[in-house]
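The structure under discussion is supplied below as structure tokens; questions concerning it will follow.
Read from first to last, the chains carry the letters A, B, C and D; within each, the first residue is number 1.
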Amino acid sequence: MLTFKRLDLEDAGRLIAGARAHARSIGVPVCIAVTDESGNLIAFERMDGSKVTSINLAIDKSYTATGIKNGTDVLGTVSQPGQPAYGISSTLGGRMLTIAGGLPVLSEGEVVGGIGVSSGTPAQDLQIAQAGVQAFTDV
Amino acid sequence: MLTFKRLDLEDAGRLIAGARAHARSIGVPVCIAVTDESGNLIAFERMDGSKVTSINLAIDKSYTATGIKNGTDVLGTVSQPGQPAYGISSTLGGRMLTIAGGLPVLSEGEVVGGIGVSSGTPAQDLQIAQAGVQAFTDV
Amino acid sequence: MLTFKRLDLEDAGRLIAGARAHARSIGVPVCIAVTDESGNLIAFERMDGSKVTSINLAIDKSYTATGIKNGTDVLGTVSQPGQPAYGISSTLGGRMLTIAGGLPVLSEGEVVGGIGVSSGTPAQDLQIAQAGVQAFTDV
Amino acid sequence: MLTFKRLDLEDAGRLIAGARAHARSIGVPVCIAVTDESGNLIAFERMDGSKVTSINLAIDKSYTATGIKNGTDVLGTVSQPGQPAYGISSTLGGRMLTIAGGLPVLSEGEVVGGIGVSSGTPAQDLQIAQAGVQAFTDV
């Protein structure tokens, strides 16, 4: 039998609040998604003024980061032409995201969920996702 | 040019809070989704203990109610065998939901968004969605 | 070698104009689609105030009517429980529509395209589609 | 509550007419789509002689430009190998278009919809989309 840990709704709220606060502080409205350790959505927020096409990008960045247990920016690097994961971005019906802004969320070394941010530049999205993770870790 | 109104993130939070409070009061954890007047997701919450298959059902109930400008329970009635909308449940890639729990949200007679609830019985889901709408209307 | 006839863009405009005029006269804003004899979209109009979920329903009604060379209302009848086409509504990724409002367009006994209408009641949609076909036939 | 502006059907007709006129003047039949500010289709025309595979490309170019609030040609540049949005073309079920010919439509600095053109070369498609936007802006 396996026992595992998973973000609860309160944790998800903390991740989103941390990301939202940072997004506001840099003036970049974004979509923010939090998934559990199985890649399923726990909570989502579309800040007023963010992009409608970012709804699913945020969800899929979180899904991808949870699944690969790594940042989507790392997948971006290894999926470049000539690199070992080239072509991976069209897998899973296009849900495998290779653009910065998705991060796994860890607790005691285990992946317990993920966070995905979309609507800014990839660099801004990553920074906002990191702020979300920080808010969770600080507790 | 058309001018129209749309729920903002604060409104969505109010709808979700109202639904969540009622869900707790009857001891039924659910997934709650709020969409804008065009059917796109604004906010989502999966309460701890609710069903993983309800994530998309909640989102699609809200989407459907927004689109048809009516409750999904009404669509359930008119899509029964022999009724005029029979067969509609397989449309839009299966996103057209005919099960109670999705309601449009109105402001001054206009549809400005929707709410969708899933994980209880359809009757419970509808009741929880109504509590969400009530919390929004009470403000 | 086969030779066939197909609606051109001008024909499609005539079909849409006829449908739109009737929709206005009965005060029911709708989505109107016209497809060619192969089921591919030629022209589409979403009247202000019609339902966002009707965009694809109108397109798919036209597609279905073209394909089955018959009205979608007829398919609704034969796909009822116990009838020979029961279950057909979930085929073609849910694009096979069994709700009134889709009609084939004929020229000299041959199907040259289709028209699909959605956003009113199925009976209104059918009536509006018939008005479109009439405007085309009258020329 | 948010208040928004959105292209109406008359605006969409003006955008399409401007694009169609330019397409004719350079002898390149195309598919032309206009979406609202949420990415949903308002109107569509397939000019006689344009490509059947361009139907959805035109619709998705318009959808993408509306969502990203920028031209699809810009997305083409930033999604090249080594660029920050590399891999984005497979997202949203493949609807995220990175090929020139999709443009957002603005009114008083706000995105109120989009236009997408497909069937010529990407450069021709972009030029035709620009002519559509120009016809809208000139009014």
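By definition in this document, contacts are C-beta pairs under 8 Å (C-beta built on N, C-alpha and C of every residue); 3 or more make two chains touch, one makes a residue touch a chain.
Everything numeric here is computed off the predicted structure, so don't read it as measured data.
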Length of the line joining the C-alpha centres of chain C and chain D, rounded to whole Å: 25
Where chain B and chain D are represented by their mean Cα positions, the distance between them in whole Å: 31
Between chain B and chain C, centroid-to-centroid distance (C-alpha), Å: 29
Junction residues of chain D, two or more chains touched: 2, 8, 38-40
Chain contact topology (line, ring, star, complete or other): other
Full enumeration of touching chain pairs: A-B, A-D, B-C, B-D, C-D
Touch list for chain B against partner chain C, complex: 2, 38-39, 63-64, 66-69, 81-82, 84-94, 96
Chain A to chain D touching residues, read off their complex: 48, 51-54, 56-57, 60, 76, 79-81, 89-90, 93-100, 121-123
Residues of chain D that touch chain B when the two form their complex: 1-8, 11, 36, 38-40, 107, 112
Contact set on chain A toward chain B in their complex: 8-9, 38, 40-48, 52, 55
